Structure formats: structure tokens, C-alpha cells
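Structure, as C-alpha cells:
A, B and C label the chains in the order they appear, each numbered from 1.
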Amino acid sequence: MMSRDVIDIKAETSELHTDKMWVIMGPQHPFSHGLWTLKARLDGEIVVDAEPIIGYLHRGWEKECENRTYPKIIPMADRLCYAASMTYTHLYCMTVEKALGIDIPEKAKYIRIMADEICRIQSHLMWLAAVGTDLGNLTVFLWAMREREFFMDLNVRMCGARMTTNFPRIGGVRNDIDDEFAMFASRCVERFEKAIWDIIAMIDDSSVFVSRMKGTGILSREQCANLGITGPAMRGTGVDFDVRRDDPYDNYDKMDFEVPVLKEGDSYARYMVRIEELFQSCKIIKQCLQKVKAIGRNAPYRLKVPSKVPAGRAFVRMEDPRGESMMYLISDGTDKPYRLKVRSPIFVNVSAAKPLVLGSRIADVPAVMAMIDMCLGETDR
Amino acid sequence: MAKKEYLDKYPRNPARSLWVMKPVSKALKIFFKTIAHRPVTILYPYEKMWMPENYRGRPGLRFDRCVACGMCVKMCPTACIKLVDTEDGSGQKVKRPQVNVGRCAMCGYCAEYCPVDAMTVTPEFELAEYTREDLIYGPKRLAYEGITERMEIHLEQTLMSDIKNGNPERRISPFKTDRPVLVEAKCISCKRCEKVCPVKAVTMVEHGVNEKGRPILYPEFNNDTCICCENCVEDCPKDALYINEVL
Amino acid sequence: MAYSSILDWIQFKDVMSNPFYPFESYNLPFDLSYKIWELLGGLIAWLINLIFPGNGVSVWLMSDEISNVFALVVFMIIIFLVVFVVTLLSLWMERKVLGRVMDRRGTMIGLKGFMQCLADGFKTFLKENTIPRKVDKKTYLWTAALIIGTSALIACMIPLSDRWFVVNYGTGLLIIMALFALAPFFILVSGWAQNNKYSLIGGMRAAELMISYEVPMLIMIASTCLLAGSFNINDIVNMQGDTIWFFIPQIIGFITFIFCATAEAERVPFDIAEAEAELVEGWQTEYAGMKWGLIMLADYLRGYVSCAMVVIMYLGGWLIPFVSGGVNGWFPEIVFLLKVWSVFFIMIILRGALARVRTDQIVNIGWKVFMPLSVANLAVVLLLKLGGVF
């Protein structure tokens, strides 16, 4: 990766005078998945400066929460991230439970993390689809979307909705899962573990895909730490940290899974980390299904919780598919929160846009930014 | 599949860097597969996806079961439900919910929090209309043919005290446990709770007379018919009632 | 003059006996158009003769010279219509095959989705002719016209068989190649004229793309011509019939040429000039409505020409192996088109399987992979020629 200074000196000292131009990509540009803009300054085809602009989707989510009772925020938390709706709902419920100081039943914990992992697979498949289109191949897009559809069906069987699931509740989950769902889930996961190899062969065995991803968008560990990048983008640079393992919430400490870490720090490493996470998620879903079966049909899955939260503060963090998301709740003892703050991983990760694309060609900008896995619902809130 | 297996299966050999035949063969494989079988896509208006019974489409209403308690209105996160005056089968004026489906988020809260299971979810999702007014579903239009058991969503919760007492398998609806409680010192005997109660569970019972000689009436709640809709609590002008939450 | 029967005017004369016959050998589309003109012109001449018996116009219409002129007009329409329908079929095939590769159905409206192509074309024709205010209007229009025009011209110049051609040049392949290579220049100028940064980058990329594949492509054309000993398309195809299809001695060149032809037609993986992920639609960004529809048509015409060149140079043109003899036994045109579509099928599968390469990578591939391969191919051809195999 060339630094900005080198290119500036080169451009000024060359006899041929060239103008640098700003190219504005987004929010109607096909490269931006969602409403955001990347202003890129180009010297020929090489990016010498970049600036991400977000805020087109701001809808006052946090302020809106202050006017709602606690259960009514759950459907809104679904809308924070359309690709993985369970995770934010789960996070919100955990935050309120922490403020209430209650411990939810074991079965609910397992169902929740299973729902989380289903959503993680959905989200990663959507990211895979986006990588396909950003690199100019629609086949990967449709194959990944096809695989995602099976997990959507699992969502429907679980709670009756495909995307905005509204499934976790304060004190447990909305409904119990039955044996039929367990059968379908295990079959779906087994099928997926075979079918994903088609997509991997499409990308990993293709010299075009690999050469487009290898060596582009390199981040170092130090840059990761300075910019506060989390999630697969961070694990691709060699930082071995995962909230699920290192600060376990719900029942992740009882699960057997690995955290993939790669040292290269380029787009390909991020791709490998996410693909590996798909397999780990499948592993966790299988374990959860066994545990739920072992707990038994009649075990409690939802606690009755008081409608008013005692005055106090609660802070919870969790591993979102895209990084580390956090919620901070201040309660004043009524049935509505006084303040609810969301820390979205993408809001922080998008600040890496400039160091990521600097010095690369304009053709690499979509490929590099796809590895961040933009989700504007949670970024702008 | 572990990372090791992944790397074993996909070793990093430099010969792969010029190789494009594997994706081409995969593409051809799917091509011939979908020629022989059908593709996974469906022809939407003619074929439809399988939907489970508890699919959360638009809300449905069983007119006769509804008691107009307004619980759905309170719980709706998008405020799309409203109680409107209508006539029931015998010509009597009653209140029933009307749903603005254009604002509905299909969250299923109205069905979940309905104390009498009159509101249900329905698998109907094709709701496009020509005008916004057409999207407002009145009480009669909300009816759905063939409501089954699984479309009703029951609110089943376990009490924390039950778990402590070693009875974790009991699931009970909060509408059966929570009851309004009167703070007698605040009550002014206005009888408003009796008027707003949708199930007539409140009776005003005389407790002597006050210094002016008027009777002192305190509400008494029938535990069997009360559905914990909190209407009396909300309408009490002196905040003399509160809900006793059993945990 | 007495009443003359219509049969006096329509005689279906042998086209070759016409002293002003414009071709050197038998030409099937001209024969067809000559007969069509005899029908049409004979009808008109007969009607005029009914009203004004013995006039000179009727005789003039059916004279040898004028018949040729009108037959040539019909000939042009026939040639273009065939190319147009072939292109629409290619488009339809791309949609269906790509759909199946992606596990979906492709277009479904009318005749298994074929009518969708016509409907899309019709839709673009109905759209408003929008021209952005700040473009260089003249350049914006003439570049588009030339891109479409040259593409249509070379598509029409591809012979479907030794009896279905427009001109039978001695240097046929070279002329097609020369016209084929013109479009990137117009794309460059058009991208400049559009006053749009995406278009500008797209135009630059078209030039960048051209310098990377054009030279190896020309070397491979030269080796084929060396092998055949002629630039004439008929000679090249007949040579393959006499000896062996050229893709066997030139297997390196065949594979390389397919990729070069893909780049020439600006298809995935080499569609960097209109890379929709980063440059909205590349150099086509500011073209709207009918202009865009025609540019799309030109894209598919160029795809057809690329495939046709592969077929002519390596796959034996309109010949079937082990079948020799005259043109009466079978339809060489159909054979040729089937071969073109099977090459196009390979291109579609490539599009379905591969992603878009980067600009520096295409230059790398062009000069470090295609160029040595094409030189190696040339060496093989020279050895074969010197060894007396061909």
C-alpha cells in the first residue's frame, strides 16, 4: 500500500500535470450497500484521499426509545440491522435483564444463541452475496442468497417472520421451539455445510477472485487498535479477540467453538475469517439443538418480568456478525428508558475507509469496502 | 468444519493462481442440474412459498371474542390500532379495533398480548391496495376465515417465584395473575373504573357513609373475570389503583 | 396493348444470368432478395401496366439494371434482419443460460422468455430521448452513432457460408479486425464528451483494455492466416476443410483467442470499461433511452462477431467434419450459427463463473500471459509450416 505522501510528491514532481478529482460514490451508487457516500480523490485511477459520509438513514432511534415502554423497543431493535435482526434484539433484552438483575432460564439462553448464530450465518451469506456483486459476479450473489433462504425458512418456523423476527423477549424468548424445528434446523445446517463448498469453490478456486482480494485493503494490528475496528475485520489482522469467547454472555462459555484468526490483514484474510465463522456457527447451532433437547420440553423459556426497571445503569456487549456491539441503558425507575445508547460496530469500522482504500485503485474500492460489510440501519440509527 | 480441515482441503499452492477451471465446472454443474430439475426460484404469482400457520402477516380479529379492552392499542409499537365504534350482530353499539395495515410492522404484539385471544396473526401477506384509505382494515374486514389453534399466540410465562419454589414447569399468562389493587385512601368513589371495565369485573361495594352522609363506594374486582387490561388503572382520576405484579 | 398476365412480369429469372449481377459467385441472400423484388416489383409493374398499358415505367422497373438495384436494397434488409435476429437469440440465450447457472429461471415472458428481449428493445425505443445539458452534444451523439454503426457493419460483414456473404474480400479477416478495433477509440472520446467522471474513467479503461489484448489478438490472427496462407475467409475455412480444423494445431491460440475475444466484446471478466460496481455504468452512464438500447444491441453484435471470428479461425467455419461437397445437401448457415452459439455459450459460462479483473491485472494478463502464448502459438504455426505439415 502506498502512503498518501508518496503519491502527492510523485504527482507534483512529474512533468505531466495531472489534476486530481473527487469521485463521489453513493448514496445512489451501486457500490454502496445502503445509504452512504464514499468520497474518493483520484489521481488517475489511484485513490489518494477518501472520506466516508454517513447519516442518510438517521431516524432518531435512540431518542425514539425514550418514549416507548420496554417491550415496545424490541420490534424497533429488529430494525437496527436488517441482515441479522436477532442480534440487536438479543442485545437489548440482555441489557434490560441486566438492569433488572434477573437470570433467565437456561433453555431461553440456548434458543437465543442459536437464533443469533442463524442470523450470523444469514448476515455472512448476505455479505458473501455482496462480495460477489462488488467483484462483478452475479452467480455468487444468487447462490449465497439461495443458501440464505433456507435459514430464512428456519426463522419462519421458529417465530413466524423472515427478517424482522421480534423473537427474544425480556426474560426469555417469544415462543418455545418444537421437535419439528429441531429436525429442520439440523437438516438445514447439514445441507448448508455441503452446499457452501460450491460457493467457496467459485471464489477460492478462481484466480480472478483471489487476485482481486489478496494484498488489497491491508490493515495492520496497530491501525485496528487505533481505529477501534472489531469483528471479522479485526480478526483478519491477527487480533485474537472474540466477545463470545473472551467475555461470554448467555451460554457461549458452554459451547465448543474456535475463533478463526488470520495474520495477513488483507481482504482475503477477512474473507477467510468470515467463511470459517460460517462453519463455527453451524457447529454452535448443532450443539444448541442438542442442549435444548436435553433440557426437555417443559422447561421454562420465558420469565415474567416487572414492567418497571429499577433506577440504574446497565452495559452489555456482544459479538455481532459485523463486530462488537454494545448497549448502555440508563433507567430512572419508570417503564420507559431514560437513555439507551447503541454502539454499532459498523459506525466505528467505516472510519477505516480511508486507510483501507488509500493507495489502491478505484476498481478495488468496492472489493475492499465489501469486506467491512456495511449495514446502514445500525450505523445511522 | 475446522480451519485445519479447511486449509487441508484448500492448500495455498501457487498453481491455483492461474486456474479458472474449477468455477467454470461448478457453474456448468449447476447449469445442467437446473436444466434437469427446476431451479429453486418459484414463479411468484402462480406458485407461492410455503408458509407456516403461525406466519406473521396482517392481524386477524375474531369479532365475537373481542371485549374491546384496548390491550392491542396499548401494546402496538407503531400505534396503528385504534378502537372504533361499530355494531355487533344484534345491532348493539360496541368498540372494536381497527388496524391501519399500512403502518403495521407485523410484530405480532397485538396477538401476543390479547388477553382473550381475539386478535390473531394470519398468514395473509398480499396487502397491496390502490389508496392509503384502503389499507385501513376495519373490525369486520379484519376477520380471517379459518383461524386455527396455532395462529393464536398465547403469552405463557414462568414466574420467578415458581422457579424458586421448585415448580418451574408451570406456565401462566400474566393476565391471570396480575390484578389491580385499590389504595382506599385515594379513592373518591367516582365509579369510573366500573364504567371502563370491558368485562364488568368491577363492582362498587358500599363501605359505610362519609361525613356528608353520602355512601363510600370502593371497587371490588372479580378475580375470575378480570383480564388485567389496566383500563381502570389508567382511567382512575386520583391514581388510586395500581397493578400488583406477581413475579 | 392487350391485357398482360402477372406471370409475364414475374418470371423468376436465374439471378446468375443477369449481366449486372454484382457478385462473383452464387449469393443466396441476393438470390432470395432478387426473387422477392421480382414478386414485389412484378406486382407493381403489372398494376401500373393495367392502368397505363404499354408504359415505360413497368419495363424500367423490371429491367436487369434496376432489378439489381432494388434487389440490393432488399438484400441489405435481409442481411441486417438475420444478424438482428441472431443477436436477439444470443441475448435470449444469455439470459436463459445465465439464469440457469445462477439457479433461477431467466426471462419467462412469451416463447420461453424470447419476447422479453423484444419487449425490452421496444421499451427503450419508447423512452424519452434525454440528453444531459452539460455534455458535448455533437461528440456525445456521433461517437454513439459510430460505436453502433461500426458494430452493425462488421456484424453484417461476417459471412455465414460461402454463399451467404456481403463482400468476398481477399483481406476479409483483416478488414473485420480493423473495424472491430475501432470502437474503443470512440468509447474513449465518448467517455470524454459526456462530462461525467465515471464515463471518463470508463473511456480511459476502454483504451487501457485495448492496448492489452489487441496485439496478441492480431498475432493470433496472423498465425491463422499464415497457416491458411490467405486472409480470405473462404480460403481459411476451405483450408480447414482440406486439412484439419485449426483449433487442433493451434490449441494454445484457440484458448487465448477465446479470452481475447471476450475482452474485445467487453464481456465479463474483461468488462472493466463498464464496471458497474465502481463506475455506475462506465462509459454508458449518460446514455439513456433508445441510445442505450442501441448500445446494448451493439454490445451483443460485437459478442456475436467475436464468436464468429473464433468459429471462422479455429472451428472450421460452416463445415461439418467428414461431410464434403456442395451446399445443397445441408444448410451451412445453420451449422455456422450453431457453432457461433456454442462459442457464445462458453462466453456465457465464463461470465457466470468469473469475476471482473482489475485494470492493472488486465494489462498484466495481456502482456505477460496472452502475449507469450500468442507468440508461442505463432512459433508452433511456423514450425508446422516449415515442417511441411500444412
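Here, a residue touches a chain if its C-beta (ideal position, glycine included) is under 8 Å from a C-beta of that chain, and two chains touch if they have at least 3 such contacts.
The structure displayed is predicted, hence computed values, not measured ones.
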Among all chains, which one's averaged Cα position is nearest the averaged Cα position of every protein chain shown? A
When A-C is set beside B-C, which has more C-beta pairs in contact? A-C
Name the chain whose C-alpha centroid is most distant from the C-alpha centroid of subunit A. C
Inter-centroid spacing, subunit B versus subunit A (mean Cα positions, whole Å): 29
Subunit A and subunit C have mean C-alpha positions lying a whole-number Å distance apart equal to 48
Subunit B to subunit C, mean C-alpha position gap in Å, rounds to 63
Interface hub residues of subunit A, defined as touching at least two other chains: 139, 143, 146, 202, 206, 208, 211
Residue list for subunit C, restricted to those that touch at least two other chains: 101-104, 352-354
Residue numbers of subunit B (touch at least two other chains): 18, 20, 23, 26-27, 30, 40
Could you please specify the touching residues of subunit C with respect to subunit A in the complex? 98, 101-104, 197-198, 201, 204, 268-269, 271-272, 275-280, 352-361
Contact footprint of subunit B on subunit C as seen in their complex: 97, 99-105, 108, 349-350, 352-354, 369
Contacts from subunit A onto subunit B in the complex sit at residues 68, 71-76, 78, 102, 105, 139, 143, 146, 149, 156-157, 159-161, 164, 166, 171-172, 174-175, 193, 198, 200-208, 210-211, 258, 260, 275-276, 279, 298-307
List of subunit A residues in touch with subunit C within their complex: 21, 23, 25, 29-31, 42, 45, 132-143, 146, 202, 206, 208-209, 211-212, 361-367
Touching residues (chain side subunit B, partner subunit A) in the complex: 1-3, 6, 10, 16-20, 22-23, 26-27, 30, 40, 51-52, 54-56, 75, 77, 105-109, 112, 121, 153, 156-160, 163, 168-169, 171-172, 174, 177, 245-247
